[in-house]
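Take a look at this one; I'll ask things after.
Per-chain residue numbering starts at 1, and chain names A, B, C and D are given in the order in which the chains are listed.
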Amino acid sequence: MCTNLFEVEIAAFADDAAATGPTASRTLIEDLVTANHILFDQGIVDAFGHVSVRHDQDPDRFLLARNMAPATVSPDDIVEFMLDGTPVNAAGRAVYLERFIHGEIYKARPDVQAIVHSHSPTVLPFSVSQRTRLRPVCHMSGFLGGGTPIFEIREAAGDGTDLLIRDQGLGAALAQKLGESSFVLMRGHGSTVVGPSLKHAVYRAVYAEVNARLQVEAVRLGEVTYLSDKEAETAQRNIETQIDRPWEMWKKRVQQWQASAA
Amino acid sequence: MCTNLFEVEIAAFADDAAATGPTASRTLIEDLVTANHILFDQGIVDAFGHVSVRHDQDPDRFLLARNMAPATVSPDDIVEFMLDGTPVNAAGRAVYLERFIHGEIYKARPDVQAIVHSHSPTVLPFSVSQRTRLRPVCHMSGFLGGGTPIFEIREAAGDGTDLLIRDQGLGAALAQKLGESSFVLMRGHGSTVVGPSLKHAVYRAVYAEVNARLQVEAVRLGEVTYLSDKEAETAQRNIETQIDRPWEMWKKRVQQWQASAA
Amino acid sequence: MCTNLFEVEIAAFADDAAATGPTASRTLIEDLVTANHILFDQGIVDAFGHVSVRHDQDPDRFLLARNMAPATVSPDDIVEFMLDGTPVNAAGRAVYLERFIHGEIYKARPDVQAIVHSHSPTVLPFSVSQRTRLRPVCHMSGFLGGGTPIFEIREAAGDGTDLLIRDQGLGAALAQKLGESSFVLMRGHGSTVVGPSLKHAVYRAVYAEVNARLQVEAVRLGEVTYLSDKEAETAQRNIETQIDRPWEMWKKRVQQWQASAA
Amino acid sequence: MCTNLFEVEIAAFADDAAATGPTASRTLIEDLVTANHILFDQGIVDAFGHVSVRHDQDPDRFLLARNMAPATVSPDDIVEFMLDGTPVNAAGRAVYLERFIHGEIYKARPDVQAIVHSHSPTVLPFSVSQRTRLRPVCHMSGFLGGGTPIFEIREAAGDGTDLLIRDQGLGAALAQKLGESSFVLMRGHGSTVVGPSLKHAVYRAVYAEVNARLQVEAVRLGEVTYLSDKEAETAQRNIETQIDRPWEMWKKRVQQWQASAA
């Protein structure tokens, strides 16, 4: 096996610059930048993890930052990709190895408009637990009620991988495990959450972590009453009409943080 | 079921602007704004949760922010309500769906002057635990000694709700479960705490969360000695004469925070 | 029982202003102010808790802030007390009800020069655990090796108190339980830690909390190897020669915090 | 036993100033300063703990701050040492008692270029657990897959030490326990982590703590699926090509923090 796969990629994309196509809206790109910053500020991503959005002028493309820490992404760092993971306008910039998570899910799920992949700290332990499943403990996390399947990479690629989704085949296997859910755990790695808009995906990524923190405390106190399937469904439908409220608050926080750093 | 109840409400209140009545004191409104900010700064509310106070010139009304994140409430955002939940001066602004929590408790409990509803992170797990009750572990939380009933919404509205207190009937059922206590847990949702003043309600909301954090650690260490009923009663009576001290400190913190953001 | 003991005290001290005696050194007063701020910044005290130091010109007196949140103490807020708890120069300012913790320990332990009383959040659960004793898990907390007795106020004052040390008798009972240790837990209330200097008492208050956090995690992982008595003794003797290092770092932090707030 | 070993050392080094040798590169010294600040900012060290790097012009020397809190280290505080722990240019400044951790590992492991010793808060509990070993739960911590041996100082120096590595013999015993691993736990004390560069050592110190936090949560949820040996090996090889990403982000954070304090 090669020892430096990531850096090899930098050169490989050097000749993509000539690609063309419709231009994504400026608002979409700005929202994607904001989503990167919110996810860092809320502790969902650290130097690793990424968020994408489907191209608003071409459903066969998606937008994702170049290979970098989400906290420092700016509009110029957003790269356009084909669904097979080929960057359209990377212009020699390194891209995330795991862009196949995004491309393959957009392929399999036309309803999905945005995706967050993270190692958020209280969700990850549920990916390695053989006994306790991540389940909704409150009305804010009804989107977990559809089930939280666990993707075991050993089933797709055997023992001995680095657990990363480093090609289309692994991306497709992950998309298959996700199925019609909003959320999939990845054993020893983290999770991926999808939504019908950027705000939905960000909301769900944050509240999956919130739910995980609530659940680890609840489990410690004895038997837990989880939301029923019907409660989860009703709660998701109604609560998710309110996601502008946290989005605007989180956006204001990162704007203040940027102003104070300037 | 309708899919967008919250936004429907925005229009519904558009013609409330002509309502009149005595004006609440400026100090009361400013304290309510401060309470919103303190509860955010202390981690009791995030983008969700709300705090109200009974109108100081008309006991049949109460004050509550319009539908927004508590952290950014200003005096202009405070709306006046009738006890049945009808906004008096919303002037087309969206209001919290769960205002019935407040109205029905003010109806049932003439002694209550202020109410905090939150999903505070260590209290909520006690709402779903089938084994461990939230109980006072120290002298600061004697107000929990009167018991911490759990409101199970399935008893009032069957399985399949979104767990929200979205009408007067559910508000009345919650008020009945609260009874003469200071505190009621809401299964899969959070809690509601009441007090004879805004400072009391804020103090109790913060220290319920503090007590929950102490209790989850204590439970982990083995059998726990809780406050006896008599200790809880004496502690509450004496300690709550000191609540100006934390209020002033918390207020100073949010003022510094606002000054640094300006 | 009276309902407002604390406020009654404000009036009671109004005629103490004429008291005289040697003046404590300015450095000692400034260090006591710094100790108040450090203990808040390190999360050992919130709006409650207090730190005292023995008067450096008169061993029968001690210095303690007036009744206020430690975070906002300034030199003008420091009051001088007799060992029986009588304020010398309160000049009508309210004082801490629990000053008897300090006076009675200074009486019983001539070696003690400084005392911290707090409800620090991970130490308090050990005060109510019937199974797990607070014990040193690392070399930084050798001072816990002498034992961590638990003061049960029911033994001294029966069931039904507010758990506070509100008179000389309770202070003396607490001092007796402390014995020759550095640290005493107070059931359902918190702890008191003593030292041969302000820096020692502050260091021990912070590292008792650090040790408690380490121990709750360790206990969760299975059987724990604690420091032996001999290790604790050697570690305490050697490590406590290094306490200027954290003191200076903590002091610098609170100075920066004050500069940024100014 | 002497009671003040640390201060005695201050005088002992007063005549080292005349020592000479090749000068370490300015970049290396600046990176070492940055490493000190990152480790503080990330919560790996507090007032205690230290990081060293092997001299880039002379493999028989290493660089380490003088005896001080890592948060406040500047280039002028970096001291050069011989591998036996003798300071070359301390010029009377106090040095860390535990410099033997560094010297003896550099002696035993020519591949090691940098070392972090810390008491990081969630790793330490694994050093005293008799049941649960620190093991990799995710792809970011493959470096733990080689095993996490525990150094029990009682085996080398009997019961009754202060647990510190205060001479060459103890340093050599620790280096022997480390063996070919990247990481060694020290019972009741903390851990030491090594790497082929400063960035590696800092990355591993931070992610050992991250892994410990993930593992304590996972253990609480039931049986855990850890990385297999092969997964750990592959993950380490591939992920550690990406460590510039967190290093640059962490560096930017401490630079902003210093700018705001200036």
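As a working rule, a residue touches a chain if its C-beta (ideal position, glycine included) is under 8 Å from a C-beta of that chain, and two chains touch if they have at least 3 such contacts.
Because the structure is a prediction, the values reported are computed rather than measured.
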**Study point:** Joint neighbours of subunit D and subunit A, given as chain labels
**Key:** none
Check your understanding: Using CA atom averages as chain centres, what separation in Å is found between subunit B and subunit D?
Key -> 47
Exercise for review: Indicate the whole-number Å distance between the mean C-alpha point of subunit B and the mean C-alpha point of subunit C.
Suggested key: 33
Check your understanding: Mind pulling the subunit C residues that touch 2 or more other chains?
Key -> 220, 260
Study note, to complete from the structure: Every touching pair of chains is listed here as A-B, A-D, B-C, C-D
Revision key, fill the gap. So, in the complex, the side of subunit C touching subunit D is made of residues 137-140, 142, 210, 213-215, 217-218, 220-228, 230-231, 233-235, 237-239, 241-242, 245-246, 248-250, 252, 256, 260
**Study point:** List of subunit B residues in touch with subunit A within their complex
**Key:** 1, 3-7, 46-48, 67-69, 71-72, 119, 121-122, 124-126, 128-132, 159-164, 187-190, 216, 219-220, 260-261
